[in-house]
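Got a structure for you, questions after.
Per-chain residue numbering starts at 1, and chain names A, B, C and D are given in the order in which the chains are listed.
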Amino acid sequence: MSSCFGNTLKISIFGESHGAAVGGIADGFPAGEKFDEKEFLKMISRRRPGQKNTTPRVESDLPEILSGICNGKTTGTPVGIVIRNHNTHSGDYEALKNVPRPGHADYAALLRYGEAADRRGGGHFSGRLTAPIVALGAIARQILARRNIFIGAHLASVWNIDDRAFDAVNLERDTLLAPGEKEFPVCDDAAGILMQRAIETAAMEGDSLGGVVECGVIGFPAGIGSPMFDRIECGLGKAVFGIPAVRGVEFGNGFAAARLKGSTNNDAFCVAGGKIRTATNRHGGILGGISSGMPILLRAAFKPTPSIAKEQKSVDLKSMTETTLAVEGRHDPCVAIRAVPVVEAMTSLVLLDFLLTEKPDFLR
Amino acid sequence: MSSCFGNTLKISIFGESHGAAVGGIADGFPAGEKFDEKEFLKMISRRRPGQKNTTPRVESDLPEILSGICNGKTTGTPVGIVIRNHNTHSGDYEALKNVPRPGHADYAALLRYGEAADRRGGGHFSGRLTAPIVALGAIARQILARRNIFIGAHLASVWNIDDRAFDAVNLERDTLLAPGEKEFPVCDDAAGILMQRAIETAAMEGDSLGGVVECGVIGFPAGIGSPMFDRIECGLGKAVFGIPAVRGVEFGNGFAAARLKGSTNNDAFCVAGGKIRTATNRHGGILGGISSGMPILLRAAFKPTPSIAKEQKSVDLKSMTETTLAVEGRHDPCVAIRAVPVVEAMTSLVLLDFLLTEKPDFLR
Amino acid sequence: MSSCFGNTLKISIFGESHGAAVGGIADGFPAGEKFDEKEFLKMISRRRPGQKNTTPRVESDLPEILSGICNGKTTGTPVGIVIRNHNTHSGDYEALKNVPRPGHADYAALLRYGEAADRRGGGHFSGRLTAPIVALGAIARQILARRNIFIGAHLASVWNIDDRAFDAVNLERDTLLAPGEKEFPVCDDAAGILMQRAIETAAMEGDSLGGVVECGVIGFPAGIGSPMFDRIECGLGKAVFGIPAVRGVEFGNGFAAARLKGSTNNDAFCVAGGKIRTATNRHGGILGGISSGMPILLRAAFKPTPSIAKEQKSVDLKSMTETTLAVEGRHDPCVAIRAVPVVEAMTSLVLLDFLLTEKPDFLR
Amino acid sequence: MSSCFGNTLKISIFGESHGAAVGGIADGFPAGEKFDEKEFLKMISRRRPGQKNTTPRVESDLPEILSGICNGKTTGTPVGIVIRNHNTHSGDYEALKNVPRPGHADYAALLRYGEAADRRGGGHFSGRLTAPIVALGAIARQILARRNIFIGAHLASVWNIDDRAFDAVNLERDTLLAPGEKEFPVCDDAAGILMQRAIETAAMEGDSLGGVVECGVIGFPAGIGSPMFDRIECGLGKAVFGIPAVRGVEFGNGFAAARLKGSTNNDAFCVAGGKIRTATNRHGGILGGISSGMPILLRAAFKPTPSIAKEQKSVDLKSMTETTLAVEGRHDPCVAIRAVPVVEAMTSLVLLDFLLTEKPDFLR
């Protein structure tokens, strides 16, 4: 059991929130792919803490690429990445040591690894572990974009405020990538303003909010994916459930499909521009686990950040008595925001892996 | 890419709907486990076609166990299972050959495998491929039950009719397993009657209905699962998305968590009977990807059967002109019903795999 | 841990020597490949018990293909194969139950699986488990042969009698495949006669002989294989060590290289027919784990059959006292003979897997 | 295909010889294991360049542990290691760019990765990639030693000079570990002196020598390993073939077994000290792929270093004309020497993986 995934493109991640560094290895990128550093840094900056009111470049959080890229191109051998940890204030840790935070991995980690676990700042369970994923995913995303496969995500909802959904049938590159270019990743800026207000209010109340990230993919070739356990949903599902705080994943109209009749859920096939398409896209670009050529659409539900300043009930594990705690320290009041590029990165890695495994000549 | 999954317990599935047989191999069951044939056949009968108005035993659909069980016990070496196909009327196939059914894998399979694909009756994409999964899962479920780990599922909803949900905090064995004992797998029989009526109406209209299956697990030890990509959600998510027609998977309160605040979504820790528990169970028994000791709860959304008698728009792939089709043949008007034991089987296989990998001494 | 191997082409094997059947699944064959039944049966007959003085076709040992082949072609989905067991005389088993045969897996199997292991006839450890490997490998070998990749093996030695080795530089198809066409698989029939005499003598003495199988591959494209742990030697090495009774595996001049100087072991590059080749081929067609375009050559050492009629010392595990035993029943006096097609089959499966993973367009 | 291996303990390696760094990740070490830094550094120093006439500690080649160890103990989460590259003189590279070195991966790498490959100093094919393997293996070796499982290796031969072999039956800890404590890793120092003289002579002549490494394991519990493709030979074979320059691997008496009769190759079972043992140990501690409780013994053949100063024939790939080259730069005249701790490290990682997968309670 492990911090590794992938078939032809294998990803392996290491690190603890308050250790020396986090990092990862991606083994299987095709050789000779141009590495666009500017695009790489842009994607990384989107995940970075405090991205809203901050210069886009905080030197100390930059990944160092140790191998696999030479003269501005991938070599075909493993890419190793390290991101040093700084500003790790582990002081608050002692207070939490015996009182697990509700909704957090503290208690589970203790059961799993015992006292030896590095629990400072969440240890290996920290959201910081998504930093190397975004770095490696940024490389995958570039490789796909060069083949006109574009992957973009936005905040579909925060708490009870909904953004406009992506157009499932006529999803264009500009619309798809627009949210990622903004300071706040939504399609509809009016909804974004309401979301930000709700987040600020929650933060002031010492509370946090959940949210949903919708991710779209266009240009992905039809006919990729395999029946049974290598359906595209299996690969993406496993990977997206690997992002901390995800509680649900759905494709196309997802759970809504369960409340429909076949006659309204099925997407009629049609011919457009000499190609087979579907008139609607409730299937989210995947039929029988295989890409249909229509835009791929997935949604991931993120729970509200469990670490909140409000007082909560917990248990002192030493004395086995009930107590209360209020979590100190600055925590994102809505993890879904910074999760937007993480979902894009995971989707990029998984879809590139599918292409490398099933249709590598597409990449030539 | 493949019809295999698992870490320590590896499952491999083969077969086409109208070929000679479907079957599978499970490699990794512990040695010396009693094989309860009666319980095995009971679980299999729950998935079988026409289970509602049929004798519980249709000889021709029985799995033959070819290896791995000797003198009524597992030998520790691979269990091979074969289920012969009978009554395969492939006649209708010709009509569909060039006109893909909306919502079905036909078109995708053609893109993936070309003309060589065995498309009769859905081929390898058929729901019949879940038969060997249920057979192998039935063995896993027995092994777990012997350790007081119980896995049960029910129809949480059909179309817009909801069953009573499982009690997330005080889920008892009897309540959990009751739906599986019934002819129609629900907790609340009144809801079940409404569901059946809706299904019959849909069938008469040549239509079909979607549904949601909820699966619960009690007795699973706390501390199992691993951060990053071997979270319990990753393992179960991948496997459940491997069941045909699944469009979404969620754990605990799932997508609903995305509309909550941290203070209402977090589950307070408490002490009950000298043990750490949570007062509520919105986390669905999994924190940080690791089992918390509370009941595990997942929900899977099944789309309505795509094969319906109603006329639908499609395309003749030979002439590339739009046409219509009505799918002949008897198809389940709601695949979610027979999916109930399939979800149980998948959950059993995945959780046994986790135990074998992370805590095999629990099984001794 | 498991009876599975492979990356893109996944093989899974089940069965016990005296159970209902042995069989296997190969998941990942390309779709649309012609299935040549005659060639398939021919390869199977080479591994079959008693092939020397027997009709070439013993109906009862024929594999039944249950899926993955339709209208004489592969469908692209898993190929499931079953071979029924017949004539299983388990009577002798009781005598051996408490006295493990020297050199055999009996004792180890008992430690591994306990009393529940199906030990009749060697159970899952039996050489009979190579039957489904040969069947699945025969399909892989056909697919490769259609691309002018030919795989052949012969008995390089039996006891202290050596066959002529393959020509490492100018290995032609006819020479390579000739031993497989013969009743006794050698290059030099005079050596073959000596070998057979030695085997007959050993059999009469209640003894057995070891042997070496050399396998050659021509036509395999250059540039396949990956540094570190997916070198061609890693893949072939793992698979060939998976054949019962193999004690050593070497490539090119193998262990002999360790007794050479660099100046005599290195193969000079040269140009022949406009192509890069090497003047000699001590590297066995693999440099840095990657195919060089020269013939691939491997040798596998098989120990003498451990089950012999001669009296041997062992221990009664019940009483923990030393005793003697003489193994009854007919056993091959030299397992290396029937291993010849098994090595070919394994090599075929592994090399097809490499091609499917690294250069699938070669297969189009 | 990849630079990853392992089941429960997953190893992933990255780096190029003349890039920024080499490193790796080991995911799956048990939590709470003491990290003995002194022992760790000692093992690393054995693999280091110039270890014979050098201070035992060259700061610049020290691995930095970035994660997975906290307060002197393993945390149970991935161990990430980085070793910076220094003194990389890539000047000579240009000369070799178009003329591949005989016996080296140059030509194969070009075929595999094209012009984008980082070929400086051998790139990802360099023996330097064994440095992170030794570092991670050193941790595995400590964990095993704490359970009285000891792993040691020595130079069984260099060119035509043989060291005394390990005693296969009565292998004691001191004898096993003694070669690793010496400046030159042999059992018999007289043989070692002859070997060193031969190496010096070869070096003076611009030549190199092959060698064999023998590795022994004592204390490994009986009953570990699985039939078919997870035999101990499969796991160790694959890993040891992953070490650059290995041409053959054998267990027990290996290739010699192929020249024996069953009656002389079989090891009689006996009772000693109330335990089942074998009177001889030609099976090398593995029967049917499963550990027998006797010492495990493997031998790996290393070819002579292909990079030699002597003039050799090759081809200019640009002009496709034959030419000669003499490889500049300091190269080990016998890679087998520094391979001794690499074989120990690989063996440690593989055997720990087997224990974690099949008998993890042994580690508690």
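Following the convention adopted for this analysis, a residue touches a chain if its C-beta (ideal position, glycine included) is under 8 Å from a C-beta of that chain, and two chains touch if they have at least 3 such contacts.
The shown structure was predicted, so the numbers you read here are calculated from the model rather than taken from an experiment.
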So which chain is farthest from chain A, going by the mean of the CA atoms in each chain?
C
Could you let me know which interface, B-C or B-D, is made of more C-beta pairs in contact?
B-C
Taking the mean of the C-alpha atoms as each chain's centre, how many Å separate chain B from chain C?
38
I'd like the Å distance between the centres of chain B and chain D, where a centre is the mean of that chain's Cα atoms.
45
Flagged in chain B as touching 2+ other chains are 1-4, 7-8, 13, 77, 112, 124, 227, 357
So in the complex, the part of chain B that touches chain C is made up of which residues?
1-4, 8, 10, 12-16, 19-25, 27-28, 31-33, 64-68, 70-71, 73-80, 82, 112-118, 123-124
Which of the residues in chain A come into contact with chain B in the complex?
1-5, 7, 13, 100, 102-109, 111-112, 124-125, 129, 157, 159-160, 202, 207-212, 222-231, 233-235, 237-239, 241-242, 244, 246-255, 257-263, 265-271, 274, 276, 278-279, 283-284, 286-293, 301-308, 310, 312-315, 317, 320-322, 336, 354, 357-358
Where on chain C is chain A touching in the complex?
7-8, 77, 227, 357, 359-361, 364
